[in-house]
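Listed next: structures, encoded as structure tokens.
What follows is a pair of complexes built around chain A, which joins chain B in one and chain C in the other.
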Partner chain A sequence: MDTLVLGISTSGFNLSFWVGVGVIAGIYAIVALGLQLNVGFTGMDNFGMAGFMAVGAYTMAILTVDHDISFWLSLPLSMLVTMGFGLLVGLPSLRLRSDYFAIATIASAELIRLVAQNAQGLTGGNQGIFCSDDFSRCYDDAWVKVSDTINGWFVDLGMSDPPSALPLLVVAWIIAILLTVALVRIQSTPWGRVLRAVREDEDAARALGKNTVGYKLQSLVIASAIAALAGWLLALNLATIHPTDYEPIVTFFGYSVLVLGGLANYWGVPLGAIFFWVLVEGTRTLEIFESESQQVALRLFVAGAVLILVMVFRPQGAFGKREEMMLGD
Partner chain B sequence: MEEVAERRGARPLAFLGDSQRRARILTFAAFALILLVLIVFEGLHDVLQTSINGLSLGAIYALGAVGLTLVYGILKLVNFAQGDMLAFGGYIAYLANVTWGLPFAVAAILAMVFVALIGVVYERGLLGPMRERGAGILQLLLISIGVAFILRAIITFIWSTNFKQLDVNRTGTKEILGLSIGDTQLMVIVVGVSVLVAVGLLLRYTLLGKRMRALSDNLDLAETSGINTRQVILITWIFAGALAGLAGVMAGAITDLKPEYGFALLLPIFAAVVLGGIGDAFGALFGGLLLGVVIELSTLVIDPKWKVTIGFAVLILVLIIRPQGLLGKARTV
Partner chain C sequence: MTEAAASAPAGAPAESPNVLEARDVRRSFGGINAVQGATMSVRRGSITALIGPNGAGKTTFFNLITGFYKLDSGSVYFDGQAIGGLPSYKIARLGMVRTFQITKALSRMPVIDNMLLAAPDQPGESLFGAVFRPLATREREREITEQAHELLASFNLDKKANDYAGTLSGGQRKLLELARALMAQPRFLLLDEPMAGINPTLGARLLEHMQRLRREEGVTFLFVEHDMDVVMSHSDHVVVMAEGRVISEGTPDEVRADRKVVDAYLGGELDDVSEGGE
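Let's turn to the complex of A and B:
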């Protein structure tokens, strides 16, 4: 009965569509949490999240598909590799002024993406990565098993036909919430307070004997580890890893989520993510436009309008404090 | 500040003069050496032929870069919307040139006027009022990204995501000294370089140029010395917009139009700006041409599919080694 109604009526509530939106919102909540740590709490305008996500996802897939390493082992390994990239990008660029740092990080991310696109032997180039040539193993094999188990539980609970993305929704949001809690707790430690001191007055923090570059580097490396999480989830959601999934627009959408939730407020981020993606994807369900191009246009328009309107009318975002935004500059 | 940068590293080549002169001399020496090596191994003809391709690409970068650098110099804003302003110019030219059937030159001028208008609306409607409210760097940066999205949304909405082509002769070539130059390529180089030199001279020798430089040195000081800063800022945007529009049309003449092509040009344009020293119009002209030639020359030694990557690698290298640019002074970083 249920599926019949959902399948046919486009104006009604389409569960699997909204589960998909929820997964994307969860992934972007994680991206924006990393940005919050850098932008909101350390005062570093990191525009390279998409690149770090790509490193996390590609390393995970290359290890599992090409080197036959277990998926579960590939996760910590690929996170370490991503953190290494964070270190590599941060070491030379952190001494730059904030706008130069923004350009340096976005350029690094694009460099990573272009290498992924052109180094066919390593990354599959424009074909992307999915399975080994003989299809004997794919990077998401282990996840598909877990996903089936979780959906089995939903069936046991009485759901007749749980959407295939439901387990990913659950896992993405568990990670997002745990991460939020962890970051909030870290922020109240002495380490977190030094980060804020760095953001508010780097010279003063240095005068107090704090190694500010070291703190900024740590902040960037943690953000790149967070990006690896988001990169895996994106790879599992799309079931293929392709260079175009890691374009700078991913980072820009992360910033939209960040400013909607508000700077220097971790709990605002998940709420901002839900609000942003319901707004962006919700416009799709209105079916105002028929052509694919016009749908793409509408999505870009909403994302652009969000950035401009929030920055003009409420730069502190929904849950941020105005002083934090001003100090962040 | 300059002293601080001077102190940072040892000065092994002090006999070449101050840090700025040293960087220039070393750059030209390195570039000349690379050229020489390439000529020896690849032959003079190939190197010249490739350099011509590089110059047409470089002219496009330079056109976009001068606008970006002028705006940065005065407002300290890294305008992420520059790439999509450029693309808008290309599509306006498409509308005039293909849809309405007007001559290419008229279409190019219309595109320049239209994008200059976008610049004016952007400044007067958004950026100016925001600056008056004391908006910070990040706030303005994110607004420019928002504007970039809106411009690309309008392009995608009107002209769809399909490829479009301007009505130019892409097959005609001329033989000059044994080198074959595409007619369109030649036009891009001639138009680009002559417009840029004209703008450069204008900035250097007119009162307007002097005022712009005064603003970029110190906006408050310029204002208190009686310069109408609002007017100068607006004129800067008109320049930036018109040049971006022209860059978009020129890029559209040698490649296809699609909504993302402007954004794809943005990072090489950043690279050209940084290479020339951010805020320096002549530097941007030089940086754009140099980057274009370096990118094309790289195809002599490595697989052409990697050439876009070279642009980013140059940008990152310059940011690491000499963030103030090859021509710039240390004070801006």
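Let's turn to the complex of A and C:
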């Protein structure tokens, strides 16, 4: 976050500022890819992404810091735990009508955040988690080494002072792109076709022998695994895990990215993420107001206005198909 | 029939010549007894019509026996197997496939995908198969794509194969839904007013199709229909429902001559006339 703050004072092009924006955009591309699977291709309004991200990040940190498990082992373990939470949230709520499902997911995400805030012993409460009490272990130790190695390569390549977040930018976007490719491919299989049928009409899918609840559960569990990825990256980016990092606004930003990129298209998502965060963070460079709080209000105002304009003039977003948008029931 | 019965395993109720047996099926919604004790059977290989005035409970009965609504009480057997309480998708997989009175086209999917979705035994429909069995998936996809195009052609929908199903007309959707149900390779097909909104030429084609499937593949049909000419000329058995009960059944001629049936239909009409201020 420090890099972002620096960006305000410096005018003109500031590499480390834009690298920071790129990291955030990469993380939100991943969040919105999970949303795309649920919302765009299964017709499930999952509003619980922030909660799943929190589970992924906290589990990773608790395993490494409190239980001295290796960072690399903590990743698959915490992903499994997050998928378990996806199952737990999905089982009772997936049979609900879609608007109730949306409420159930946002409620469960808030529940997770509130538990994180109050379960002092487990999560550090409002202090958050970073290192063990004696500072002998921090959850990002292993990552810092990798990060230094990668930045060493950039130095070897002739970069004098690579921004500290550059390795995270590279990793976040490699994950985002690989995930996009994987999702595009799996969507084009008969499995993906059943998901779309569930989106269109669950009764019709059932009448043709599809276990619709089973497919919705799979969709939600995969999205929670994707949320775990985003949760780790956010934790590595902020270098601390804190309940306020997982408020519902995180999920809403994910939805904004989804709308900008276009529903039911995976390739639009990374593009939407870049567009959204360049818009929100880039407006920092417009120094219209004196005070910081006015600046922040202006940025969110601009982002909101652009979102509304897109909905009005290009409801299909960057890559969605307008024809699909117009075909209701 | 008797030969089949002799070779069936002893004790299995599959010896019955009936593909469907519903006994004392009941369901109410709040105070409305939509189906209040319906008992009927459908003979294997028959084309059976289910008729009755509006609100008689025909669609509700369909929903009950196909697992879309929970039974309040009663039992349902498909080919001798108790299916009351089974989830709808399992009933469909057993080969008992239904269509809907109000069509359910998968609007934002191409017509051809609507068809492919219905085909059974596609290994790529499981996540595991989709990832680890791409060859088997592709092979099956080729087979069913060919089948789908043939079926679409027989319903004059082949030119629409790549259009979104949501762009079809009401009648075309009805045809697509029927073609899609056939893709599922049912042994027993339940059609809720398949002819409604379809032009007479295509309607006749649809009826021919039913006759041919019954003849060549032994598919059994149960269909709801309000057009008495169609019912009388194309079904070999007729079941009549009124006010949530089965009030009569038999051959078209028997049913036509049944006083109760005439009353059920005319009774409603006479009430209407008298309320109209005669």
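By definition in this document, the second predicted complex is superposed on the first by the 310 of 329 C-alpha atoms of A that agree within 3 Å, B and C clash if a C-alpha of one lies under 4 Å from a C-alpha of the other, contacts with A are read in each partner's own complex, and residues count from 1 in each chain.
Basically, contacts are C-beta pairs under 8 Å (C-beta built on N, C-alpha and C of every residue); 3 or more make two chains touch, one makes a residue touch a chain.
Everything numeric in this text was worked out from a predicted model, so none of it was measured.
Engineer: One more residue to check, A:Arg196. First (chain B), second (chain C), both or neither?
Structural biologist: Only chain C; A:Arg196 stays clear of chain B.
Engineer: So, A:Lys210: does it touch chain B (first), chain C (second), both, or neither?
Structural biologist: second
Engineer: Name the contact category of A:Ile186: first (chain B only), second (chain C only), both, or neither.
Structural biologist: The answer is second: A:Ile186 touches chain C but not chain B.
Engineer: Taking the superposition on A as described, I'd like to know which of chain B and chain C A:Asp66 touches: first, second, both or neither.
Structural biologist: A:Asp66 sits against neither chain B nor chain C.
Engineer: I'd like to know which partner A:Ala104 touches here: chain B for first, chain C for second, both or neither.
Structural biologist: Only chain B; A:Ala104 stays clear of chain C.
Engineer: So chain A touches chain B in one structure and chain C in the other; where do those two contact lists coincide?
Structural biologist: 328-329
Engineer: For the complex, which residues does chain B have touching chain A?
Structural biologist: 76, 78, 126, 130, 134-139, 141-143, 145-150, 152-154, 156-157, 160-162, 263, 267, 270-271, 274, 303, 305-306, 308-309, 312-313, 315-316, 319-320, 323, 333
Engineer: Taking the touch rule as given, give the residues of chain A at its contact with chain B in the complex, in rising order.
Structural biologist: Touch list, chain A to chain B: 39, 45, 92-93, 96-100, 102-104, 106-108, 110-111, 114-115, 118, 248, 252, 255, 259, 291-294, 296-301, 303-308, 311-312, 315, 325-326, 328-329.
Engineer: Quick check: in the complex, which residue numbers of chain C touch chain A?
Structural biologist: It comes out as residues 66, 68, 87-90, 92-93, 97-100, 104-109, 113, 116-118, 120, 122, 124-127, 129-131, 137, 141, 164, 166-167, 180-181, 184.
Engineer: What residues of chain A sit close enough to touch chain C in their complex?
Structural biologist: Its residues touching chain C are 186, 189-194, 196-197, 199-201, 203-212, 218, 264, 323-324, 327-329.
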